[in-house]
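Common to both upcoming complexes is chain A, partnered first by chain B, then by chain C.
== the complex of A and B ==
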């Protein structure tokens, strides 16, 4: 599994403040820090408080790219903001995200094809998040078919089964994991998978423990990526270790360092 | 291996009529992929889609068989791009050219005598490829007839002249030769011949696109026992084409779902050997070459053996007594296991010590020293038995044996059982040269 570093998000005070004052220091520090600790992408989110997501997204992309080499995941429900970001991204980005709903899929997959971007597809629609794995997989299939019809390769589609906090949506956990497993059988080559990892532990005790345990279980089911806290060393170590056990990386004594240093 | 939901969905009519008892075509596709329903439930699916869906159950590369009797050889039926992912199954057929203008009888006799011994097994060249170099159909037929009578090897009949092929098949069809080759100009006649005689047919195109079209035409004409020659005679292009064919076949592109072949072009035997090695390593399942000298063929046969071994199984050397250098009755005796990696590391270090020595390789089913010791396959009594059975007492005038340092614990038992003095060697074979100098040096 590869990590999409979650920290450049307007939900966090320091980032919200940076957006407000136009001082890129906090953004750039987090970009460098996450990248140094093994993040393969950097998630960019203006936060719900942003009053001008288009220009804020552009600014965040610009200042992040000044210091980081990692590709970006443009995280917004405002597709104009995402398109503004895509236009200035120096390398193919991820669009985070689109649910299995028309005409949102039309807009997003057209953009993805045009900018050669990846797409995070959410296994949900207007009716919300389905509970059981079968319904989630059916929505994932809709996303696969839509991506295919717009010429977006399956390797560029990242299906998110959607995880809910395990203290309130506990019964969703096994369904989300089963979804990850089944999504891998929908197409050949299969679409990739992703989750918003930190969601699993919203409002719980021992968040880091829950996060890294789910990450490891997800990797065993075929989880390819996750929006997660790249600054959490124990999480990164657990991921590096799970990759070894799943025979995704060749073992060496310094496997943790190798996992973090490869980007 | 079935089709994925998306592959099935693309073949469905997308009417969403729900007559299949599923609400949408997509839901029906997913149910099909999971084996929960059958395709008959859909009244609107096209015949073409039906055939594609059904063919998905077939193996990705068709198995094709040449020859009869002891020289029956099968190729195809491969499933991998890289041997370490599982293994390569059916060894490449090596075919040596003989022209109908040559002395076919003498050449066939020569080929019959090409035999190689390696790690206790015997290998021969599989096939003789008779080439219609004269352009004369009768001459070709008589050359093929001579080959049929003089050798039991598989046959490849090489002419693009369908009339010459028809004549040659009169005398050779019973031997199930490979008919080489159907081209854009002659494929109708060649397919008729192959169908009538029940022989495999090589399809020779001109580049991948052209080859794909030709294969489809041949299949449409009713023959599916095929070997694909993409037609390139330039090494890098052939390598690329062979790779694309294998990849496409494993992606279930039916057109390329047949074994592939190559023809060497280099004149110099060394270069031709290297060329054939490249093709063999990269999915050619049949290679036609001019090489007929033992010295040039042995490396190729050895490489084929190595390439087609099962990577999951440890490779073992023959157990027994090995001599390193000019041994004499004073030479030291080392003992190790028959795991090839272990044995060759020890042998290399013993050689590097420049002190000639004996090495006993104990049959541990090809596993390493510590694994074998843990598994009770490398113990004092087993080694003692080897000392006795190999008659070591008559070969050397001392009674000392060196064991690997990692299994020092077995020294007591070995000493008791054998009556030999046990010397505990270094833990790592890299310590052998120093150990040998200190203990056996002059």
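== the complex of A and C ==
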């Protein structure tokens, strides 16, 4: 599994403040820090408080790209903001995200094809998040079909089964894991998979422990990526280790350092 | 029914290593060799570029090799005692693209030659041929560490390929190659985990890991070639999939391994069913070399001139682009 570093997000005070004052220091520090710890993408999110997501997204993309080599994951429900970001991304980005709903899929997959971007497709629709794996997989199939009809390769589609906090939505955990496993059988080559990892531990005790345990279980089921805390060393170590056990990386004594040394 | 060619997309490529330096580059070579740079599996030209062809080297010793088969006498017998002339013959008469000088004479159990004598042998080879030179120690850690620094120093500017660095003994060679700007061979004992770790450890000494050539330690046909073969494949898959620590070109001591086998050496009188000894030995070497070249070998170090001729022809043929 590769990590999409979650930290450049307007939900965090320092990033919100950076957006407000136009001082890129905090954004760039987090970009470098996440990259140094093995993030394969950097998530970019203006946060819910942004009053001008289009120009804020552009600014975040610009200042992040000044210091980072990693591709970006443009995280917004405002597709104009995403398109503004895609226009200036120096390398193919990820669009985060689209639910299995028309006409949102139409807009997003068209953009993805135009900018050669990847797409995070959420296994949900107007009716919300399904409870069981079968319904999630059905929505994932709709996303695959939509991607295919717009010429977006399956390897550029990242199905997110949607994880819920394990204290209040405990029965969703196994369903999400089962969805990951089944999504891998939907096409050949299969779509990729992703999750918003930190959701699993929202409002719980020992969040880091829960996050990394779920990450490892996800990897065993075929989880390819996750929006997660790249600054969490124990999480990165657990991922590096799970990749070794799943024979995804060639073992060597420095396997943790090799996993983090991406750039 | 349209037919679609299935093409794998890879994320990474093998690093490209140049060996030798011309006058303009600070050396005295008349030609250089560049290996690596593969963007796909060996010879799948339709999937990705293979910018450099595998190259052949002939093995030259600084002493008369005591255990070499009699069949080598007609080719090298008169030059066994003169390492410079030996190397010249390999290049001018037999067409070797590189010379692999093995300083076996330094071995305390052979001639126990001094570092200065080794240095002189390297000089002799450099003076008599214009092709890039690979220099190997005698294989005994303590002695090799005495000679590596001297050889690196006297070969400064020539951009040699020096070997070998091993997990238990890599620091002296790495430091010598770093100081005098040579490339190095990182050798692992048919163990992909050690191969990867060794590359990392060499990198931790600030050595540019794009100047490493991996020697996964190969074996001859019939003596475990499949272990080396599968390791080389796994290394290539890993490298092309993004594993930087594995994305190095590879070298194999084919001649050294093949001419240790009974099948290459035994006279026909002992094994009449096996046929004539010399062609049998040559074929043993050709089959070993060609198999490993298919697994991704970039430098084949050979011993018999006839093996070299056939192997070069084989590489010519297989380098013809098969793009659709």
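Here is the rule we go by: the second predicted complex is superposed on the first by the 263 of 263 C-alpha atoms of A that agree within 3 Å, B and C clash if a C-alpha of one lies under 4 Å from a C-alpha of the other, contacts with A are read in each partner's own complex, and residues count from 1 in each chain.
Following the convention adopted for this analysis, contacts are C-beta pairs under 8 Å (C-beta built on N, C-alpha and C of every residue); 3 or more make two chains touch, one makes a residue touch a chain.
Fair warning: this is a prediction, and the values are worked out from it, not measured in the lab.
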Clash or fit, chain B versus chain C on superposed chain A: clash
Chain B versus chain C as contact partner of A:252, first or second or both or neither: second
Chain B versus chain C as contact partner of A:137, first or second or both or neither: first
Partner chain(s) touched by A:102 [first = chain B, second = chain C, both, neither]: neither
Partner chain(s) touched by A:185 [first = chain B, second = chain C, both, neither]: first
Which of chain B and chain C A:145 touches, first, second, both or neither: first
Of chain A, residues touching chain C in the complex: 155, 249-254, 257-258, 261
Residues of chain A defined as touching chain B within the complex: 137-138, 141-142, 144-145, 148, 154, 185-188, 190
Complex interface listing, chain C residues touching chain A: 9, 192-194, 196-197, 200, 234-235, 238, 243-246
Touch list for chain B against partner chain A, complex: 3-7, 9-10, 26-27, 29-30, 33, 251
